[in-house]
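Next up: the structures, one after another.
Note that subunit A is present in both complexes that follow, paired respectively with subunit B and with subunit C.
Right after this comes the complex of A and B.
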């Protein structure tokens, strides 16, 4: 593995006409260092991504690739004909729309408020950050008992204590999506807030001082200085949020199994059920292909927006 | 970090009666939000101390009449938590080791050894960042099944070698190291591996620490892939997989459940609190990726 490099190499590196030659031993070393990554990416990323396209045109045999049979577009036909298809993607849209109302602005405003603190800033930073370090699955299991419709459910106890009536937070079609988004916001807003806080650190305070001299009141300063300043970051994080929403999976798996009705069926959860519960890998691969197109497109938008932001 | 720097409100404004009121209001709002954030943790902790009758009481009581610390011992045994912690640690440390090794070697090569086609490879690596792994989890599972990687830690460890983001961060870091060090080492006749081991590795310590902590927490949180790979091996499952399997399979009394969940949340919470500075720096690495 350790190939000796001769001394004149460095001298040669300064002479352009030597550089045009390919040094095969150096190339061999370079590729030996790259080999583990190339192998890992081939087996666990590049090939599965390509293979999902292959599999989506097959009736797949799990263990024997040779035993899989080509069936044309039948998997896609079945996917589009399935009522769950429309429900899953419609739910994704509804989740995305609702999440803009429920979760998106929370870290924006919290970051502005935390930035205003003259003391205890780091206390709030760390407390808000705590839910994002625990395994999401365990957080969801705890929330399951908070939302429980049984007498012990914490949220219903509080609501009844305040004079309200018992609600099925995860059983009622109109409540289940907001309830899940509350869990996601709880789990994620602290980390997002840190990104906004970092952006606010770069906001030149002279802008505030100048506005103050011009007689702008605090609320106007937020409206005309802080929020416009955060807008590029907000746009980037909006796309990140939609990317996350399209991937909702654990909440339906643990809390609702896609119900009530089909209110929390999501693309990833459906794909999981088709693939692993029904063993219909070809059909699941068709779902994968569509999901990859959607997520890939969103990532492209993300790239364009970040690039535009940095300029 | 500087606590006395002004923001929207100037220091003078904060000292006026109106400003003081605003400041107190802001503090109250933030404290209220902090309560909302920690309630699930406290609820899990105190429910774990309740009797099963208290857990099902219709009225709100945060704390039990008597603390049943015994529940925690029961949950410890019931979920076999020592085993689960051990499994998770073993799995995460191995995955961390593979991920760091694979990514650093690749990044070093791309940055310093000038492989032909290195740019295309880098683009190939980075493309995987655009498609979240969950989208191709089915073909990934099929691949792992055909290679005989299901049911063992190897299937997970090897797959954790894929992290384009880490390659990217390390490559940027190596690009920023002064080239003179590498030139003089080569003049002294050091091989590429020797340079990697005795120069690159020591110089990378700060970023290595930050990325290790971030990756440790992230791998500890992983659920779906370990769940699929270790479905048939209950003795090998890490903590979130095992807790989910137990929750699905049996009717566990809620007070025992909550005691178990609280203990399961403690290690990452402690890491986050003790190493918060590193965690937050790691997060800001993520923020500038793009």
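Right after this comes the complex of A and C.
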């Protein structure tokens, strides 16, 4: 049982040695193959990122980039002073927190259920995955009808039919975030569920058989075998989910315009407004730089967790 | 039988001749002289943005035919149509990349920002050369000019905010038209509302940027035409925390409460026009081009005779203050001098020359605002009257339902007020107050407005001072 671990350690120990050796003559062809991708990334990703950082310290002249003036940290000072700054980031973290509460366990739960099924497994896999193939904008517009605050709104009809009272799902400050997260969970959990299901396929069936022989009930199997086995995958997907949630944009843009009040203003939506509606590109760049730092930090956590789970 | 045949043939002849008669209406004559050559005969290529719908093939062909005729008149100029409708997301990239069409259309909310950024070319010399200052409505030219009076755009069409209404629903309550003052308007909105049936008395944008935009009109209507004061030294003061702007917010509160069964739409994110078209609201605030004009062009199945349209209710001084909107044409400052010259001549030739005026109007009415949409005068004085007379042939909208708007316009009661400084930030900030006021019965309107104005001052205006 310990042999593979020793082998992994050996390989890991040799990694720096391999990295330091760039043998150009042998690897030239490989680098040539990489060149188009590197060029594309440089032009479409790295250069814009670098340019954003530069713009965040400038009052930007769109007509002549050379005429943009350096203003130091002025854009960052304005960003921190802006009342929407606190509101946007607070909303983002609330969305992230709620997404863990509402959305994170749904795909875990559903994938375990589907995996436990003796029949119709493929049918349910497809059914649950279907929302993922609907274009996000179309899905959002359909949910807009479902959430209509009118007495005739679909969800309100159900609520009223059950004896409840009509609610403003996207109008009520206390309801709007959970309502949006339900949409995001609905749209995203199918793909996540497939990842969990794929992970579950690797789970040795002998463990379940042994547990059954030992008299374990279904819940015990899930608790002591399935969930511990899925834990590394769950951790990775949790960080991926938070990374995605922090970048919420389309839902506020289409459904709420950041409202009611500023309840669904998010950093990405705010920087969109500052840049494209106000034409204040330097300030928008400052917002994007901060967003990049936060996402970078989260990505580092993601990489560390991924590496730890691989080991 | 013979008699019947004769009458039938006569009727057929009348039908056949009618369009010819309509086309015989003389286009207005604009006092201008076009040059014989452009750029002293040097080869020039320009691009013209045309926002023509995918399904409007005929208008595209008509537009291209105009380009071909222009190139016949000025053979050294190559003109190309670019299918482009202004969108904030792509516009900045086109500017930064230097690929903006030589002539481009912009919404009326954009010119001042673009002028400050140096995007449009200064057209003052051309306006002087062609005598355009006497042709266009000076009020609109002022909105397209900088502080020094330099002109940067060709007015295309302009609208004011107004009030539309469902004629049958309002008539059922005994009213021919929306009341002329906000106080009476609020009372009628409450009277005609039927919350149990999901019917609002009055619909307007109530949240997000749209909510702030409409609230600004409401505040203007209550007399608060200055919401953010430009101190003239690079600093600004938020003055909406007291006075008429607070009264406007109180007006909204009073339409919503004392209980949630109210005169405003339940859906804060709803579109006021659609609320009314779908029978969920009796009256709505909207610019005519974005409501009845838009319906005419894009949803021809909607029966427009159901709706009336009039000017905004009067402010305390009897005038009707409103933000303006619409679209205008500009020339890209990044284009070469020859290109700018060609673009200016093209724009003047296409919209004002005797041979091109009629096809240009036909394309405009089919793609932008249906003929008869209550809009503001583009041209000065008698010229507008001539244009209106010419446009009669295109009108298929029930213009008799819009008489209230024209009466207010002709009486000089409609006053255009520009957007406040930092408009987009203000819209977001004030929308927060709107939400609180419309969702919390215990909301203290004066305190909320004062706190919001103070936060706006310290969070937006003070840090941006001098920038």
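Everything that follows uses one rule, which is that the second predicted complex is superposed on the first by the 270 of 311 C-alpha atoms of A that agree within 3 Å, B and C clash if a C-alpha of one lies under 4 Å from a C-alpha of the other, contacts with A are read in each partner's own complex, and residues count from 1 in each chain.
Definition applied: contacts are C-beta pairs under 8 Å (C-beta built on N, C-alpha and C of every residue); 3 or more make two chains touch, one makes a residue touch a chain.
Only a predicted model underlies this, so the values are computations on that prediction, with no experimental measurement involved.
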| item | value |
| --- | --- |
| Superposition on subunit A - do subunit B and subunit C clash or fit | clash |
| Subunit B versus subunit C as contact partner of A:74, first or second or both or neither | second |
| Touched partner set for A:164, first subunit B, second subunit C, both or neither | neither |
| Subunit B versus subunit C as contact partner of A:208, first or second or both or neither | first |
| Chain touching more of subunit A, residue-wise (subunit B, subunit C) | B |
| First (subunit B), second (subunit C), both or neither touched by A:265 | second |
| Partner chain in contact with A:276 - subunit B first, subunit C second, else both or neither | both |
| Touching partner for A:228 - first (subunit B), second (subunit C), both, neither | neither |
| Partner chain(s) touched by A:59 [first = subunit B, second = subunit C, both, neither] | second |
| Touching partner for A:83 - first (subunit B), second (subunit C), both, neither | second |
| Which of subunit B and subunit C A:97 touches, first, second, both or neither | neither |
| Candidates 78-86, 132-140, 204-212 or 276-284 of subunit C: the single one with C-alpha clashes against subunit B | 78-86 |
| Footprint overlap on subunit A, comparing subunit B with subunit C | 62-63, 65, 150-152, 275-276, 281 |
| Partner subunit C, residues of subunit A touching it in the complex | 59, 61-63, 65, 71, 74, 77-78, 81-84, 148-152, 166, 168, 170-173, 255-263, 265, 273, 275-279, 281 |
| Sites on subunit C touched by subunit A in the complex | 88-89, 91-92, 95-96, 113-114, 117-119, 198, 207-211, 266-269, 280, 333-334, 422, 424-425, 428-429, 431-436, 438-439, 455-456, 458-460, 462-464, 467 |
| Residues of subunit A touching subunit B in the complex | 1-5, 7, 9-10, 22, 26-27, 29-31, 33-34, 36-41, 43-49, 51-52, 55, 60, 62-65, 110, 112-122, 124-131, 133-139, 141-143, 145-146, 150-152, 154, 157-158, 160-161, 186, 190-191, 194-195, 198, 200, 205, 208-209, 212, 218, 221-222, 225-226, 236, 243, 247, 249-250, 254, 268, 271-272, 275-276, 281, 284-285, 287-288, 291-292, 295-296, 299-300, 302-303, 306-307, 310 |
| In the complex with subunit A, residue positions of subunit B that touch it | 1, 3-11, 13-14, 22-23, 26-27, 29-30, 33-34, 36-41, 43-44, 47, 55-60, 101-103, 105-106, 108-110, 113-116, 118, 121, 124-125, 128-143, 145-147, 158-159, 161-162, 164, 167, 183, 186-187, 189-194, 196, 217, 220-224, 228, 239-241, 243-244, 247, 254, 257-258, 261, 264-265, 268-269, 271-273, 276, 279-280, 283-284, 287, 290 |
